[in-house]
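Shared between the two complexes below is subunit A, which has subunit B as its partner in the first and subunit C in the second.
Right, the complex of A and B next:
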């Protein structure tokens, strides 16, 4: 045990999603000593499994004014502080012949009341603005929707927390709490990489584990009634639309099409799942069919566009305390002070909410932590830009040696931090991922500076394997670079194998046509040419012995 | 519900499964590292351009439009078309004066033929070449094709030749192209001789414009579309009204009319496409159906190597030209490995492309140099310029070879039965 492990932190945060990362940033900016614990990699829960929609709040305006006004405020904050993770695409709420056009006025009035700019435009102008939209639309309203990359947003928060002294650990799973009478004073942790038990001590423990917060609370001996709601989504191979498309009606299934980075995403479905299913989300064929059937109504060309993969996430909805059946579920922020609620001090839970309001959730949680620790420092996260969003995008000239598009994508992904990516050597700017323009330099930057330790983590930091080939060409190259980092080729092979299986999991529900052809080519390359199947078989034999 | 019943969306690039075989067949990659290659420039780049047109990469101008990537692609992705369309849609740079001069082959041709001796003499002078290089960016090392004093159309329209054509029972229209008209009328004369011998009357289209291939590659799309529409009208009149199929001697003209018109210019040619073809294919298929016979001179002896132009590779038609050549008894024939010669129409004339152009063709030039052939046969005029300039071995169109080897009297006699 090193010295760092012995010390008592002001705050220990459980969970490396957007909320946990945001809380780590906020706490560290207010001068607290911070430890963040994540059981897998950052953003491996609901943070990484959603639309990537930068809500304007318009979707909630009619039914949930409070959420709507939170959204629009945070929307404007994120455009300022996280400009390198956000695209200001704007959004359309369209009324189709099957929808009630009179809903539009109610919708606009509610938006305006919540502070959301909403303007009805002529359907013809809507078609000009977004040519992929269903041409039979009867009405259209423009709202300030956008798209956000939750992976890079979370990492930017982690980077800033680290810059303010926070310690953040991945693959550290909380297995229990250390109690002194009615007070939580520390956590017991299993380190998956070193395969060892550890203990950490903190004055306040923040449960920011999303849907898994239910389990964390149980470990602490308190009860939170989480209501796991599964949402499935489909990713298409390229951008069909450049403006977010929504249906102007009561929120329903598959009625949002979001252009995100190189692709677009249709979603979501909503169905209740039992708590023991949440670690194993899969997309069913009826969900795929529903998503396509409804998606086609927004943008008809979706019916012929190649689908890349399907995925599902679990919303961390909380049944309110006086309604354990889960019928009146709020999508608002839930902050629980367990000292007041359960008589257990040193432990708070921040949950509910949305990716859009992660910063506000972090602010609320940090405010409560600070109150407990008698810290009076004001929150500055709404005004201080995140690393990567601190400017000089346009001013710096592009180098002439490296293809401009490579430099452009690096700046798109990392903002001003792209300057840290090695470019000296020709090898540094050779491509690892051809679909998404990821260079050797960027991969090494992610290994060294962005806490990427696995191929999946690398994918979240750089988009490797997220393009049309889904790892066919890039996975082996990336595994080669990873083997240099770990000085271990066996581990890289295991990584490669599990990465490809994870890619296949997302392709399986939509494996037809060109997607199937491509996955067959990939399987042939890795099994027959690279001999990965032999490798797996050998591993299995070893296990059997 | 038709959901996902059709795998082929409008965006043909989705069929790319990243096998990368196109990159292996691209002639530019080995000689010009600035070119990202067909996969990167085509299907991969298109995703970026759909996200943001600013991702258009100026290095796409290094694409030759040889379409060898499309021939190689096992997934049927029209890679070359994607790259051409990207240049048309996203390029901000306007065609330079040089590009306009090179692209307007018929306008420049009309002017030049009037004063051909002066033009030919001047274009051969070193000072003139240096000035053209410095001012226009047309490489000084390039040899220009000579202009003829009399255009093919002028020759053809002489009373006795034109009049003679209506005496035949069977008829075709001839799309001669700019090269035959302004630079090398002899090829057109050879075609008339050959077709007349097998009992076909040859006619010109009511109004032929340049097919527009050079306009397309130099970004002058509107003009190309206008000329294309005029050609389509003329071809329709010939094919549909007069029942005369259209044949050509230039593989690039035919390729442009058949494939580039619908794919790049949005001109629907489905009604006349199958009646517009290369003269060698037209002849070969008639011979196969026993509707035409060719009789050759006994004493014709030549050693010939055949070079497959890129657009012939794309059309898949070199087999027709080479099969006809192999029918000549005295011909010692060898097929050269199919590769790009590097000229790609106006591409190789531009100073910035000269090194790439010659680099691409080098192994072909070496092969021809060592072949001891009497001449090279090929169906493309720009390949001819490139090979003649780079090897000093003469190059002939298969039609001219057939016309030269033909026993005219005996052929006429043999075809009499078809002409009753």
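Right, the complex of A and C next:
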């Protein structure tokens, strides 16, 4: 049977974040037939809206030993299986004059108890290790923090799932369940691209929809009480620090500064939001001010560094008590077998946890699926490297016809898979995005091999438009290439419009100084030169004078 | 250094003002950071495309009376504007800039992504369209240079197909342009234009155009010809077998850079002094009078003049500067029109009217900038540093730049 016509699967996974992708990989590696359904694009929820911190677990050590030890184990796993997504920067927990230095001992003891290497160093050595750190620090502890690119990580899981036969569909939204008495046997789906209803059948359905899992569970007729906790973050247009900076105190707002690619990220805030707001997360002025105020305490030079954008995600925490901040809810993994919990078989939910523990969450979920399907195959995801992390050839094997810096960037982003990026034609290495070194070849590779058929998806796959100019010209160029792929310029115009609006959403909360200058130029190019605002306001045309 | 007039800013407004003054025998200096909005030009000057309420404007002169009293056009007055625009095409012609169009009436042009836009006076490269719905040719070839990703033939072809035009997309392979592609960042419009400053290369492109034009009525090309002169345009037009119709790629704009260059050259030919790559730092005052200014490159030598003109542009050119809690004008600390609540500077939809676009320096009706509400006696503000209008929404950026410049030049000349 043609893959496209297949309607029945062993397991259907709802959600294309890290957890869903990881579960698809794990299930398919254990020989199950897998279908993954994602409402929008991969990584469009909390997976793509966090620090990109490869936690050592130190942050949780004092209050949540279980999460802390999960973190450090997964930290070590990811360094092995996802080397092309991870940067082993190491991290510092610093004590500032306003913090209580005595917390440091408690912190180190808890770290060690959780299996996290934590060593106090002289503040002078900390300054040598990370020159951007606040020079007034009173104490510093080195921990094995790092940074992780959640976009690459998730796509690598999808690619491996596909390689093991899994079918993964984006822009497929689950709208309902098919029940037979007390059993879920399938899902009803709306395909946003083809604008049609579909049904798929699965022996087990896994709800891995993050915070949206609350709604998915409702559709299935069971209740999970989620606690939507908004976290806002700021991206700076310069890699101020090379070592992750944290505050050595009880976890609070804006106390982590993570370097990644050419930028660094400060975050987060934590505030409860109502469930109906989760699809529209805007960063407020007061959140921006708080992030800046606290960020400058970690690295004072942030006060003079250009801010690129502001964004916010929603943590999929499972509510347990009346904590208004959401910080005291365990970040631990929640696996619900609805057969046992609610008497509804064929349906499980994997939630809670965090990006760091996505693989472990996937393993737990897959173990439960396998148990239900009497599959005894062992989990191998902790030891099998992901595609992209299977070893890049030596430097000597760089092609001579393409600038080496471009090849380096491609390998940095795609590992050994960079070999699949077309290089024969000079056109393939024309630069589309100068800020992030993205070529025509890489764009076409993402269109064809990485399921990117929107500009926003392209951004997540390649970093196009993520650099200093935030898509000023590269967005238009990419839209040009997209119009070529789809042979349709109207769709490309729609894509360009929504891409620019998505970029603006992260820019206007911080639009002053250079950001406002850049916004004005972009508005000039897209609205005045290209006429895109007229295009988006067709209906408003009034009579002429 | 002493001049009759010192102009801060060398974009469209500053140069227009400077040229007009030099023509009348004044000795002017222009101090320019080197950036100009002309580099990002659409390829046409706009005068007024829309009223602030969204009403489309086809006859801009007749629409002036419907603008608010704070709009720069209202400060100049309709009568004066009619006087200035009457010979504006001839006036630019003296700088070697040919402008197509009718000063009384807007025309249409195709944007880089195939959207029909209004324009007032189009640069030499562009053929104005009389109506929004029709295109003068039935069958066209939309040609692009191989590897040039700032021009989108598919967008243009689809837009023309909607108007009933039969389109073919063609790729031109020219070895000298190919060479640019060895360096991934070189394949940009200004670099292509430099290749075609050579006549031999023009012959190559002409041959290719003629080869593909047999079965079509016209050939469309990206407007990347003629960085320093219009000769390449004239050459192609003279020798091509079928009409060649140019459409702008996305910026940088070769026609815009050419206009900037021609204006700069004209100003210098007339005896003006153009300080390129310098930034004005501070103006010094005696009460309501500027007594001198200092610049980054000439911190020890002040510039003195009878009159000063502030043509320093908007946010992008740093004519006004925003911080998280304020917007200010850096040279004389002039009063700036803006909302003190930052949340009110923006709309959440990027395609809605953005209030920040209207922010700028406050002036009296004679374009004297205000400081603490008091007009500066011997200084004028012109162009996009001004408040009171939204250049993007109203489509009046270049019109305001040109007309406030001519008006202020006139005011200075009359005051003698």
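Everything that follows uses one rule, which is that the second predicted complex is superposed on the first by the 518 of 545 C-alpha atoms of A that agree within 3 Å, B and C clash if a C-alpha of one lies under 4 Å from a C-alpha of the other, contacts with A are read in each partner's own complex, and residues count from 1 in each chain.
Note that in this section a residue touches a chain if its C-beta (ideal position, glycine included) is under 8 Å from a C-beta of that chain, and two chains touch if they have at least 3 such contacts.
The model shown is predicted, which means the values in this text are computed figures rather than measured ones.
J.: Please work out whether A:403 is in contact with subunit B alone, subunit C alone, both, or neither, and reply first, second, both or neither.
T.: both
J.: Please tell me which partner, subunit B or subunit C, touches more residues of subunit A.
T.: The larger set of subunit A residues in touch belongs to C.
J.: Looking at the overlay, does A:282 come into contact with subunit B only (first), subunit C only (second), both, or neither?
T.: In the superposed model, A:282 contacts subunit C only, not subunit B.
J.: Mind working out whether A:473 is in touch with subunit B, subunit C, both or neither, as first, second, both or neither?
T.: A:473 contacts both subunit B and subunit C.
J.: Touching A:434, do we find subunit B (first), subunit C (second), both, or neither?
T.: After superposing on A, A:434 lies in contact with both subunit B and subunit C.
J.: Classify the contacts of A:385 with the two partner chains as first (subunit B alone), second (subunit C alone), both, or neither.
T.: A:385 sits against neither subunit B nor subunit C.
J.: Go through the superposed model and pick first if A:332 touches only subunit B, second if only subunit C, both, or neither.
T.: Once the two structures are laid over each other on A, A:332 reaches no partner at all.
J.: Between subunit B (first) and subunit C (second), which, if any, makes contact with A:512: first, second, both or neither?
T.: both
J.: In the superposed arrangement, which partner chain does A:426 touch: subunit B (first), subunit C (second), both, or neither?
T.: So A:426 only meets subunit C here.
J.: According to the stated criteria, A:237 is in contact with first (subunit B), second (subunit C), both, or neither; which is it?
T.: first
J.: From the superposed pair, tell me which subunit A residues show up as contacts to subunit B and also as contacts to subunit C.
T.: 289, 403, 434, 473, 512-513, 517, 521
J.: Taking the complex as given, what residues does subunit C use to touch subunit A?
T.: 37, 40-42, 51, 53-59, 62-63, 66, 111-117, 146-147, 149-152, 154-155, 157-159, 178, 181-185, 187, 248, 250-251, 253, 314-316, 318, 321-324, 342-343, 345-346, 348-351, 354, 356-357, 391-392, 395, 397
J.: Mind listing the subunit A positions that touch subunit C in their complex?
T.: My answer: residues 282, 285, 289, 403, 406, 426-427, 429-432, 434, 439-440, 473, 476-477, 479-481, 483-484, 487-490, 492-493, 496-497, 500-501, 503-505, 508, 511-513, 516-517, 520-521, 523-525, 527-537, 540-545.
J.: Flag every residue of subunit A that touches subunit B in the complex, lowest number first.
T.: By the definition above, subunit A touches subunit B via 237-239, 242, 259, 261-262, 289, 292-293, 296, 301, 303-307, 403-405, 408-409, 434-435, 437, 467-469, 472-473, 512-514, 517-518, 521.
J.: Which residues of subunit B touch subunit A in the complex?
T.: 1-11, 14-20, 36, 39-40, 43-48, 50-51, 54-55, 57, 59, 75
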